[in-house]
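Naming follows writing order (A, B, C and D), and every chain is counted from residue 1.
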Amino acid sequence: MLLTSSAAGVYVICPTPFDDSGRLDTASTDIMVEAFLKAGATGLTILGIMGEAPKLAAEESLAFAKQVISTVAGRVPVIVGVSAAGFAAMSALSAKVMNAGAAGVMIAPPSNLRTDDQIVSYYADAVEAIGPDVPFVIQDYPLVTNVVMTPKVIMRIIEQNPSCVMLKHEDWPGLDKITTLRRASDEGQSRRVSILCGNGGLFLPFEVERGADGAMTGYAYPEMLVGVVNLIKQGKRKEAHDLFDRHLPLVRYETQPNLGLAVRKYVLKRRGIIASDTLRKPGPKLSPETIADINWMMERIERSQEGA
Amino acid sequence: MLLTSSAAGVYVICPTPFDDSGRLDTASTDIMVEAFLKAGATGLTILGIMGEAPKLAAEESLAFAKQVISTVAGRVPVIVGVSAAGFAAMSALSAKVMNAGAAGVMIAPPSNLRTDDQIVSYYADAVEAIGPDVPFVIQDYPLVTNVVMTPKVIMRIIEQNPSCVMLKHEDWPGLDKITTLRRASDEGQSRRVSILCGNGGLFLPFEVERGADGAMTGYAYPEMLVGVVNLIKQGKRKEAHDLFDRHLPLVRYETQPNLGLAVRKYVLKRRGIIASDTLRKPGPKLSPETIADINWMMERIERSQEGA
Amino acid sequence: MLLTSSAAGVYVICPTPFDDSGRLDTASTDIMVEAFLKAGATGLTILGIMGEAPKLAAEESLAFAKQVISTVAGRVPVIVGVSAAGFAAMSALSAKVMNAGAAGVMIAPPSNLRTDDQIVSYYADAVEAIGPDVPFVIQDYPLVTNVVMTPKVIMRIIEQNPSCVMLKHEDWPGLDKITTLRRASDEGQSRRVSILCGNGGLFLPFEVERGADGAMTGYAYPEMLVGVVNLIKQGKRKEAHDLFDRHLPLVRYETQPNLGLAVRKYVLKRRGIIASDTLRKPGPKLSPETIADINWMMERIERSQEGA
Amino acid sequence: MLLTSSAAGVYVICPTPFDDSGRLDTASTDIMVEAFLKAGATGLTILGIMGEAPKLAAEESLAFAKQVISTVAGRVPVIVGVSAAGFAAMSALSAKVMNAGAAGVMIAPPSNLRTDDQIVSYYADAVEAIGPDVPFVIQDYPLVTNVVMTPKVIMRIIEQNPSCVMLKHEDWPGLDKITTLRRASDEGQSRRVSILCGNGGLFLPFEVERGADGAMTGYAYPEMLVGVVNLIKQGKRKEAHDLFDRHLPLVRYETQPNLGLAVRKYVLKRRGIIASDTLRKPGPKLSPETIADINWMMERIERSQEGA
């Protein structure tokens, strides 16, 4: 099953579960995959920034990807992050995961790119490296990559590379960018690709209202993301925002750079989805005060759900 | 009235009101000052990043500062941002505003500082430039300045400079930093200075719980900031979070880099606090879609207040 | 006398002379101007990055500019750097110096610009701020500004703004950029503007061979820059490189970030061109070892000149 | 043979030779190793930034390292760059190359480090990853890494990690840093480690005069680096500078960011040391004008050597 430009819904960004000693936790991986599918995920994305991909050895990345793909067993598409410092590593990982059954790959630009032409060239070279038949996702995340892509640049990449099927949108601010890109595809000035939004879901209901097809992000209650996307698509605006706003305090807490992933893993552990909230070094540890904050927010969310 | 290390409450970061043609709007300035005082501000801060300070000519900065100070007429302290590319300009502006009645000045580090010693030295030079009798605020805002100050560095600046009376804390993530700094002052390892939190108020209730003395930020409903700080201090945790969470959707929307100030000015205009939401170039303009988003959030906030 | 796109030769970047206490040294300013003109300068440029412009108060900048313009008394054009954090300050300084007799102004882009369109827009806004009749120079210095302009972007700025008459080229590597820009103007695809090269003159003979019209930089022996430009234009390639290479050790030593200006001022002081080598804070001080290095290089240069 | 803190002389930074199609060129690798040893190299360093390490797949890095180590066959120490985005990859590569006979490894800090403590911690974690028995080199290259290490920070790393045996110094400006570090070790305030200088050798004679033990860099005529280091150590200051200054035009040309490696490979090819000057993407191509510049400089160098 290859990724196509009609992808929609919620592609959950998966953390990489480790045991307390920092080794890959294969049992948790299976449990996590099932939990995310049960929550309504229409796809999974692994080995992204929030999957601690750079902290894995090459063999670990491949082993984790193979396990997830095998556990999913074709129920939904699996996208694998293959961003790398060089094209040889990108090409090698991409070939291996596509061979293992991945639906497509995701590529973020390296932080030294500056000009429009440099960005467009980079994606041309990347497509040459992974091959023109591998569906790929542009990751547009300037807060982390320090690379700013205008809508024009994104449309040039889409036009030049038929294998580009999706934009992972996490520019900030970014709502008008969605409006611009969707207007261009609606008016036939640009091929329509799927737009799924990241950035921790911080603006999700507005993003879907602007024309995004859903989310690709990793909040610890992915069923909320699924619910919001579905409610907006059903025209239930008030209900969508009500649901989202109940979770916003924790969503906001998870978007803290670096700390956010530790928060997310802690919540997933408390929810029984992974066994340990260990991050590999370098990574933050939660203080007792932070854990108390999170517990407070979880209780408020869970109490509000009972009332809802 | 000079600023002291016992400052607390909410120091509202004032935008600089312009008319539709981009000139200083003196009538709105007076109305805005009165509105913020009425909302419960215990201080005002002007000519910060969100006051479009770098877009003002030197004479305009001084004229605006003088007007605000004169309108406030001693009811609360007024802090003036004097961050500048060089010490000559900083010294000149600081002398003029202190002479006009400012309570203190605020200084953000220039973005080229890297090492701990460079940061400590910079503040020593800055104090030499403004004079040792002028109370000053350290602005710790790495997302914008790209300068990371550890608690140790902040404590070194506090120890070396008796005129340092306040930290404007807007590191991100930053809650544990407050805990660390407060523990150090509680345990007598560091002189206690006021800590007021910025960053759009995004973490305000937790920040006060960690030991911050209040907020120095510029949300368009400053009465909410005042209410949250007061409720936390009264031990009404649930009420504080309930109040804050009702506003969080808009708070979150205002924290969008660059766009946030345009959002804030629009809300202030709709609330009758300033006459025009004009920003000077370079600055974003709100799209119709963004305006619709804001209107939606304002309605939800105002409806929830009726129910509250 | 207004700056035109036929400007050529060597525009010496002037340091701002201070006395030992850091005050503007007006006597040295006059001596320096005469020394640079005697060395063969075809223009002078003041208040650039190497003129410590950001360290001057607004009134100091204007006083220094007026003195230089008045001392030059129309013998050569004087360009004034007006880069500023905001357009109000840029507009104010530009109006004042043009009124005082400057030939044109120089504008570097602010470091937050990323995309091609942002850069082009910025210069459109800057021209609106200074007025369409003021000749201006684009400063293209990515090592310092962190803004990368492609030849296409530079040509867009040239086409959109008839008052753009010069490029101060100091991209690095940059030789092929000169070739590309000159080919475009030779083939009629772009209006021809003057190209003067900065970057401490580190590649000067090659730059002129590629089509640059000369230098705009501030080496402590400006007569060498003048000699090299003239020899290349006379077709005396070997003599040009021989002359340049004798100075290259010191040119290289002057290109050290931050330290370079201190080196340059020290040499100018030893040559009797300025009275003090003081830099304003923040700025480096020369160690005894560094002074010994410079003395060694000066002796070798001066001995080689005797032999030449 | 393990690397020790008494290492001195010239450790040549080796490029990675590719054939015209971009594959590892094993024949050239052997020829290059012999040529560098014949030129007087006292060590070799591979898989650094100028070795295009990030562009190699993991298996290629290992294969290249094994070949070089095997060809060197213990004649000099071989240092391998193991900088990586994560500790798992660093640990894996380090173990493999040490097992294959490397003398030590070199580690550059990742570009997101800011504070003194972050840098010190990073090296503690890195030592944990590679093991405390593997001799390692700190690479201090702020122009590329964007990480600024004060002498104090370097000394903290040296004190905390007995396996730290060398500093690859390429800060810029950096001469006073060598003086400070050497004074500290001479006065017993810091353990003495080897200091070898990089940065293309641009300041080599001064660096050795300040107390560096030699060079670790990759100029295309490594025999010049060897000659300069030896002459300075013999007290022949004038001869050392004369030799260096004859090469300085090309040294300067090679220090152009990104382009420099293409220049170096071209010269090595013309000198018969590698068969192809191919760089892997993304990488620059030399224009005909640039090739003509290099040829001009090579002729001048080679003519001057005849005269010398």
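By definition in this document, a contact is a pair of C-beta atoms (placed from the backbone, for glycine too) under 8 Å apart; a residue touches a chain by one contact, two chains touch by 3 or more.
Treat the numbers as computed from the prediction; the structure is a model and nothing was measured.
Asks: If you fit chain C onto chain D using the CA atoms, what's the rotation angle, as a multiple of 5 degrees?
Replies: Superposing the C-alpha atoms of chain C on chain D needs a rotation of 180 degrees.
Asks: Is the C-beta contact count larger for B-C or for A-C?
Replies: B-C
Asks: Just give me the whole-number Å value for how far the CA centre of chain C lies from that of chain D.
Replies: For chain C versus chain D, the centre distance works out to 33 Å.
Asks: How many angstrom lie between the centres of chain A and chain C, each centre taken as the mean Cα position?
Replies: Taking the average C-alpha coordinate of chain A and of chain C, the gap between them is 47 Å.
Asks: Could you work out how far the Cα centre of chain B sits from that of chain C, in whole Å?
Replies: That gives a centre separation of 38 Å.
Asks: Among the residues of chain B, which are close enough to touch at least two other chains?
Replies: Residues: none.
Asks: Given the complex with chain C, which residues does chain B contribute to the contact?
Replies: Where chain B meets chain C, its residues are 52, 54-58, 60, 85-89, 91-92, 111, 121-122, 125, 128, 280-282.
Asks: For the complex, give me every residue of chain B touching chain A.
Replies: Those residues of chain B that touch chain A are 172-173, 175-176, 179, 202-203, 206, 210, 241, 245, 248-249, 252-253, 256-259, 284, 287, 289-290, 293, 296, 300.
Asks: Quick one: in the complex, what on chain A touches chain C?
Replies: For chain A paired with chain C, touching residues are 114-118, 147-150, 152-153.
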